[in-house]
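After this come two complexes, each holding chain A, first together with chain B and then together with chain C.
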Partner chain A sequence: MREIPEDLFEIRGKRLGSRLFLGTGKYGDDALIPDVCAASGAEVITVALRRVDPDAHTGNVMDHIPRTMRLLPNTSGARTANEAVRIARLARAMGCGDWIKIEVIADNNYLLPDGYATVRATETLAAEGFVVLPYVNADLYVARDLVSAGAAAVMPLGAPIGTNRGLQTREMIRILIEEIDLPIIVDAGLGLPSHACEAMEMGADAVLVNTAIATANDPVTMARAFGEAVRAGRLGFLAGPGAQRMRADASSPLTGFLGGDGA
Partner chain B sequence: MHVIINGKPEDISLGTTIQKLIEAKKLDPSRVVAELNRKIVPGDQFQETKLQEDDRLELLQFVGGG
Partner chain C sequence: MSFAEVMNAYAGLDIAKAIQGCQRQDVIRALNKDRLRPEDLLALLSPAAGNMLEDLARRAAQVTLRQFGRAVQLFTPLYVSDFCVNRCLYCGFNAAQAGPRRQLSLDEVRAEAEALAATDLKQVLLLTGDARHKATLEYLEGCLGVLRGYFPSLILEIYALTTQEYVRLIAAGAEGLTIYQETYDQDRYARLHPSGPKRDYAFRLDAPERGCAAGMRWVNVSALYGLGDWRLDAFWTAMHARWLQDRYPGTEIGLSLPRMRPHAGGWQPDEPVSDRVLTQILLAQRLYLPRAGITLSTRESPTMRENLLPLGVTRLSAGVSTSVGGHGATKTGTPQFEVADNRSVAEIAAMLRGRGFQPVFKDWQPF
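Moving on to the complex of A and B:
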């Protein structure tokens, strides 16, 4: 088999072997998380930060995250840039590294990220040495501002969080892939392995999937399916797809036909 | 002594440290991050940090999220 040239994927010099990032929300049973990690091949996983609730006797999600995974805490719950910065600093104080996924969301119906506030939070946190991965709308101007602000990647949404509606923003994501010289990690809305595969075929650098895996009937098998879809999509991109055309173009030779009746 | 912990008023005894509070809530201190009056308290200072009257303390931990 022909070897594909080495396919490096790095975020701020940290080399990653998988282009699938996982979330840890919405699992019916957090004890599935280790098997989900193993089945998906993912190496990066997100968590959120919340007030402790001693009365809630749910275990700690950290009990289920394999130590080999790189933690990507998010700033969910932040409605302003300052709140995101505050959450990011607290998350780093937990001692699990300096990666942070910035989410600044002040919209309750669609959970759409506030690009302006996200850029401000990115600027502050990048200057403090954080590796900042901001969750944003697939918007070229916001993405350019994030580059200037020192982001380590850009995470455009495919569709609103938790909707499983797939790559609704594909044309805008295509533009980000073309124009932005940072890893593009499609986050949110990817509901099926085929959605993730499509993003990777387009040239996205990675995808983040939570709801689609966590709420599947069989999360472990779905994790494997997403892992394979991401690899397949990446290979498809690297292989260089052939051109599309409207009219048929025969794959079999158009000469040397067997003679017809009476020939 | 009156303090606010995670937005709720609580009465605790004078001289209570962050470490004692976390242990009293049956939490693992290595998995809790603390913010006292808007300043982060590093985990290695939980033992020595005593709460004062009217302090506002936030205790947070990682939870599932995407």
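Moving on to the complex of A and C:
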């Protein structure tokens, strides 16, 4: 079989072998996390710092994250840029590394991110040497500001967090993929492996999936399904799909009588 | 603007009659919507919906799983003072009740905190009666100061305060506020609260909003079901919560499901709220407010709590004492209400794990 050329994916010089990122929320039992990681093939996992309790005797989500995974702490719960910055600094002080996913959400009804506050937090943290992955609406202006602010990637939402509605922001994400010269990681709203596959086929660099895996009847099998869907979607993108047509091609071309290439 | 204006806008509508008039197809329509309107809430609280609880339950379980996953926050109340000047006819702390009253010294609060911290809980609900001259604002600041050293999340369940007073207690470490209107029926409210500052219906009604305006991260509202017509109280509670959500999107608005339990005063509800009714209230409110956390206290039996969990409950108390000084080595006061689920924190956590839920101890800390 012909070998497929190596498909490099890097964030700030860190090479990643999988384009699926995982979350740690909503599991019935955090002890599932190692099997979910293994089944999905993912290498990056995000964790809400607000739930981390290093002193807990009751179990700590960090105890279940395999050491081989790259930790992406997130600022979930932050309502302002300042809160996000303080959470990020605490994450680093706790030894969670320099990667940080910025979430600033001041609307509990739809859990939509505040783009302005996210840009401000990104600016501050990037200047402090963090590798900042901001979660935002699929908005070109916000994405451009994030590039200027020093973000390492842009994480637009496919649909509001936890809704499992798929790529509702498809056209806006397509614009980000075309215009923004940073990895585009579709985060939130992907409810089915086919949604993740579609994002990858469009040319997204990666996806982050939590609710759809954590709340599945069988999270481990769902994690594997997402892993395979992401690989399939990526290959589909790399292969360069044929142009889509609205109608079937006429089997007998109407201009065949002209001969030559035009036929 | 006050929620009272929203209530006034409905003054011309006989809500009880509207609820009774809802038909099966109104319930089905509500079940097929993503964002429910007030008329859908009426349908879900109707007798027609009461005959369709299984349909409501299936949808509510789905919505809850998607929004909250399988995580359940654990907390416990800490009663620090049972002095009270109100005469709420249904309450064990009623000023007319004989018997000694007690308020913990800050050293005693520390002893309670140490005992509670040993159970691994990280969220504590600080409770007092309504006696400003005893449980003063300075005293509450002192309590919060002590508790802050042990728990990352502190919630108030105390007498209604002004916005500025809430601001002070937030600065002292309060993250959230629980305050129940008890009943939204004004006449019934006046009869049940014959004297004391709590008699002021409007001041109480606006307290959750003042908490939001002051900057609370989390505000929990409810009626105490059984005091008034449960359908109306469930309706107004959910309407109140939605109104707060819309006005204060940065504050997380939660609900509780307290129903009357027997207590020392012997007051019994006119219309007891059956298990079936409590279940319908939970389901209707869950569907109307898919993002609201819902708390179920130890007023409920272990069986009831376990069965209601997957239908929308996201927060459980554990290791509960409803008496002042109930956790430490100090002497204990009279309970506010009888606890129907006496299980320890470890037992509740084990029950949750056994049922496929993850007990969440810490969900926030001041950053």
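Just so it is clear, the second predicted complex is superposed on the first by the 241 of 263 C-alpha atoms of A that agree within 3 Å, B and C clash if a C-alpha of one lies under 4 Å from a C-alpha of the other, contacts with A are read in each partner's own complex, and residues count from 1 in each chain.
Everything below uses one rule, namely that contacts are C-beta pairs under 8 Å (C-beta built on N, C-alpha and C of every residue); 3 or more make two chains touch, one makes a residue touch a chain.
Keep in mind it's a predicted model, so treat the numbers as computed, not measured.
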Chain C versus chain B on the shared chain A, clash or fit after superposition: clash
Partner chain(s) touched by A:108 [first = chain B, second = chain C, both, neither]: second
Partner chain in contact with A:184 - chain B first, chain C second, else both or neither: neither
Chain B versus chain C as contact partner of A:46, first or second or both or neither: first
Which of chain B and chain C A:90 touches, first, second, both or neither: both
Partner chain(s) touched by A:79 [first = chain B, second = chain C, both, neither]: second
First, second, both or neither for A:27, with chain B first and chain C second: both
Which of chain B and chain C A:215 touches, first, second, both or neither: second
Touched partner set for A:164, first chain B, second chain C, both or neither: second
Stretch in clash, chain C with chain B, out of 20-28, 56-64, 128-136 or 146-154: 146-154
Common ground on chain A, meaning residues reached by chain C in one complex and by chain B in the other: 25-27, 30, 50-52, 90, 162, 211, 214
Interfacial residue positions of chain A with respect to chain C in the complex: 25-30, 50-53, 56-58, 77-79, 83, 86-87, 90, 106-109, 111, 162-164, 211, 214-215
Contact set on chain C toward chain A in their complex: 65-71, 120, 122, 152, 217, 245-246, 249-253, 291, 349, 353, 356-365, 367
In the complex with chain B, residue positions of chain A that touch it: 23-27, 30, 46-52, 54, 60-62, 71, 73-74, 76, 89-91, 93-96, 161-162, 188, 208, 210-211, 214
Contact footprint of chain A on chain B as seen in their complex: 6-7, 25-28, 31-33, 35, 40, 42-43, 58-66
